[in-house]
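Note that chain A is present in both complexes that follow, paired respectively with chain B and with chain C.
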Partner chain A sequence: MLEIFSEPFFWIIMGACYTFMFLGASYWAKDLGLKMNVWKWLFTGFWFALLTLTISGGFTLFGENEWRAGYYFLGFLGVIVIILAVVLWRVVKWNPQSK
Partner chain B sequence: MESRKVESTKQISILRRLEWPIAIIAIVGILIAWFAGDSLDRKRTDQLVISFMQNHDVELLAQDICMLNKEDSSNYLVFSESVGYSGKVKVLTTYSSGLSIEKIDIVSHSETYSYFQRLNENDFFDGFTGIEVQNFESEKPDAITGATKSTDAINKAVSVSNLKLAEHLNFYLKNSEQTSSFIFGFKEALLLILFGLGILFRILKGNIAKLIKWLSVITSVVFLGFLWNNSLSLAKINTFLLGFWFDDLFYLIMILATLLILIISGRNYYCNGICPFGNLQDLVSLLGNAKEKKLILHQWWKWLQRSLAWIAIILALLFRNPGLTDFTVFSAAFDFTASDIIMGLTALMLLMSLFFKRFWCSYLCPVGASLDLITLFRTKTRSLWKREQS
Partner chain C sequence: MDKKSKKGISRREFMKVGGAVGAALSLGGAAVAGFVSGRSKDTYTGWGPAPYGEDQFFNRKPFYVDKPTYEVVGKPERIRYLDNIFKRNGELYRLMYAKDGEPKWDLSKGAEDLPEPLKTYYLNNSERLAEFKRAYYKADEQHKNWPKYQDQFFIADAWSTAHSTSFRGRGSFPLEPKGPPEESDFNGVTMKPYPLKSPKHGSELIKKISHTFGATLVGVTELKEEWVYQGYLRGVGKTEFKKPEHWKNVIVIAVPHEWDALYVNPTYGTSYDAYSKLNFVAGKIEIFLRKMGYSARIHVPPVDYDIIVPPIAIDAGLGEFGRNGIVITPELGANTRLAAVTTDMPLEPDKPIDIGIKKFCEKCKICAEECPSGSISMDDAPTKNIRGFKRWDIDQDKCFTVWNSVATSHSRGCRICLAVCPYSRKNNWIHRLAKEVDPYDPSGAFASAMLAMQKNFFEYPGANEYLPPPDGSNKTYGEPPEWLDSSKWFDI
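The block that comes next holds the complex of A and B.
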């Protein structure tokens, strides 16, 4: 079952998903009524990179049979990612012109 | 809807009426557990000593000092104890006839398991072998990072053993002055400043009060939290109740100042302004713009919190082990040292504080629940006194 993660096909699909996400990001922001600028995109990019690293790092540790380290990695960085997600949402929703 | 509200108000008033008798039962229970625990502990130590004496050729030389006779040699055995992070650490030191340490054995301890484990991992106990009694103070093993209190306690206990042996054998021990842990330093001063800021916050108003509030929040999280990991945990309350609190000026100030201010003003300055985890939750709440909310059946949750705290204290007193039932999340949050369950609970509590203000403090923290009991006694005593006056 877990072999699927080492199949090239899985990573082609994953790469395609990432491409669609990057291409679609500006449309999602428009749909959500968010007024984005460079700083907001930078923060979003930073958060997304952290999310990706957290998931990939945690699951790499699981793959190497370091279950405990994997849980700790996901738990510690996961909490930070979720807290930053809330902060990110508040930042991207913030629109000084509407005041 | 209306009938449900009436029902809930009725339940709350019943709970309020029961508060006082339950508080008295709680105090009586704590007293019984204290005395029962003391008696059990004495029995356990006596049994240990008796079984050791029966299985070895041991000659009692003086109180806490024995001679262990072997086929080709004889050793001195000296028993001593000291106070560690959360209670007594009892140590048996074995000396060779040439007066150097052969080994030390931990007879019993009540330190947090994960901290004590670090001593084994770092071969701390092997560091005692071969040290001559006269050179102990300069050659004793270094403290292990992350378990400083435990290593200090063991070193101190061995120093006491050396002193006992020197007194018994009538020789002068160099550098034998006992160092006192009652040293007033930066930590103690900062703690007093934080209490002072708490009082100022109550007196002042407006932006200055806000500035003071956030200054103390950040100071507490950085210093008491991440740098020192010094918060009032359940283990510390149990240590205080068991009477092992004369050894650390920092915690003595923390506990006495909290109690004094609570009794005089009725305000819990520790939980509201000094507790680093409470302040960390405040910071997370600020990021998440959390609101003050109450769970459904709020009063019942409060009673569950108090009951958990009470059971944890009773068990700790009964087994004379302050850290046994400590389920506080402070070490997990600031030192990343705790069991997996507590680590998970810490993460959950931090996430909850994104949406609820101080969820841990409101519904789980045993420290707040214990201080609530004191507030209840204060309120009741005041109302009785006022009734008496009128």
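The block that comes next holds the complex of A and C.
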């Protein structure tokens, strides 16, 4: 059953999800009044990658039956991701031209 | 203003909802992909789907060094055969259970009653004889306790027995050497070898062939005299001898234990699965080389060696010594079991590597903390001079006593130090990332961070817990897989 999640078809679906996410991100940014530039997008991308790796890492450890390690991993890195999310929000909201 | 679609949803809204759903699904997909990666057997290196060498995935080239990472602190000495616990225990057993039925020695006697060279050896190492006696009594206890634990562990026991059936003396392959190496190593050689294009071609060919025979890792090096046993030569018997001239090069192969069984050491685990594989792989390499016109002699576990293989594996760049005395490799961690084939085939030697394992072991100490026999040194750095090499001390006699204490049918070993080693984790993306990144960090900060996670996130039962009651509670390091769980398959 779980094998389908390592088949090429699964990764095609994942690719489609990422494509939708990238396409939708600029609309969200505009509607939220964010003045995005390359650096802000890069920082956002880095944060999302870290979020993805944290979730994936925690669940990888669950898959290994290392439940405690998985929860600790999610908890520890999750806190870092939340702190970075606050920092990221301040960065993307920052607009020097508005001063 | 955006144009509305026929159903009244604007393109902007569609893209926003699509983007949000895409982000949520991609995070969900990452969680599922991670879980599948953690469960997957494909990341059990050496037992996965790649028999053509892909399991030897670590790029060693950036870490090549001119000298191996073991430290030479004196004149290297060859190991005497009695320094090997299995050889000296074998000698004692042969006296206790002599073929003529008349015991030549028993446990009530001391070292002074032993024949030479055992007498001198044990007079100089009296604590080892005391530990042998302790192990013997523990084995008796173990044997009596087995019916109590049999219901739980009998599948593991049968599995181990099936693997061990091929060992020399019990099966017919690989063949035992008979006569001096100058004869026995050439048995079956019927032709002169074709001229090799170069030693490099020889190395590449034998590596490819070894992988197809089932070797997970293969390395090649020249044989140094100091790695040859002294005092006993298979096929000849007790003798003092020089390294035979045709033992020019060594092909070292490594395979892992089946990973599920490794993680449920000491009671479900076994050494025999890897040993059996090594016997067959090395035996086939031996025959292949002889058919090609070259001499060949295998050196295989459990006890059929004329050379000590771990330092040779280090010379061949497979890995480095760990605190637990095991060669730790980047692909298999401490779950690395070794065998070798000596040959006169011209081969280009591999270079040793330095990926910082010694430095990691200096900080880690998990194997020493979890060892139920307390036989692994807790010293920060290697301190003991063993035959001219600085090493962490391993008390092999105490180790063997625990083999005779755990809840198995007989002394099938323990291997907790292999299972708990942080390098022995599955090669899924998260552990592989750690293993691949760490060697590139000379500061050691990455290793320290990984080690902090290792010690604080993961559960370790504690050294005594692996022992049977009353000392412990028969704990295993990991949870038993369903195929070793007897209650799943039988009405017990």
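Here is the rule we go by: the second predicted complex is superposed on the first by the 84 of 99 C-alpha atoms of A that agree within 3 Å, B and C clash if a C-alpha of one lies under 4 Å from a C-alpha of the other, contacts with A are read in each partner's own complex, and residues count from 1 in each chain.
Definition applied: contacts are C-beta pairs under 8 Å (C-beta built on N, C-alpha and C of every residue); 3 or more make two chains touch, one makes a residue touch a chain.
Just so it is clear, the structure is predicted and the values come from calculations on it, not from any experiment.
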> In the superposed arrangement, does A:Met14 touch chain B (first), chain C (second), both or neither?
Replying inline: second
> With the two structures laid over each other on chain A, which partner does A:Ile55 touch: chain B (first), chain C (second), both, or neither?
Replying inline: second
> Which of the two partners, first being chain B and second being chain C, lies in contact with A:Asp31: first, second, both, or neither?
Replying inline: second
>> Looking only at contacts as defined up top, I'd like to know whether chain B or chain C touches more of chain A.
In response: C
>> Between chain B and chain C, whom does A:Tyr72 touch in the aligned arrangement: first, second, both, or neither?
In response: both
> Of the two partner chains, chain B (first) and chain C (second), which one does A:Ile83 touch, if any: first, second, both, or neither?
Replying inline: first
> Which chain A residues contact chain B in one complex and chain C in the other?
Replying inline: 68, 72, 76
>> For the complex, give me every residue of chain B touching chain A.
In response: 284, 287-289, 336, 340, 343-344, 347, 350-351, 354
> Mind pulling up the chain A residues that touch chain B in the complex?
Replying inline: 68, 71-72, 75-76, 78-79, 82-83, 86-87, 90
> Once bound in the complex, which stretches of chain C touch chain A?
Replying inline: 12, 15-23, 25-27, 29-40, 42, 425-426, 428-430, 453, 456-459, 478-479
> Which of the residues in chain A come into contact with chain C in the complex?
Replying inline: 2-3, 5-6, 10, 13-14, 16-25, 27-28, 31, 48, 51-53, 55-66, 68-69, 72-73, 76
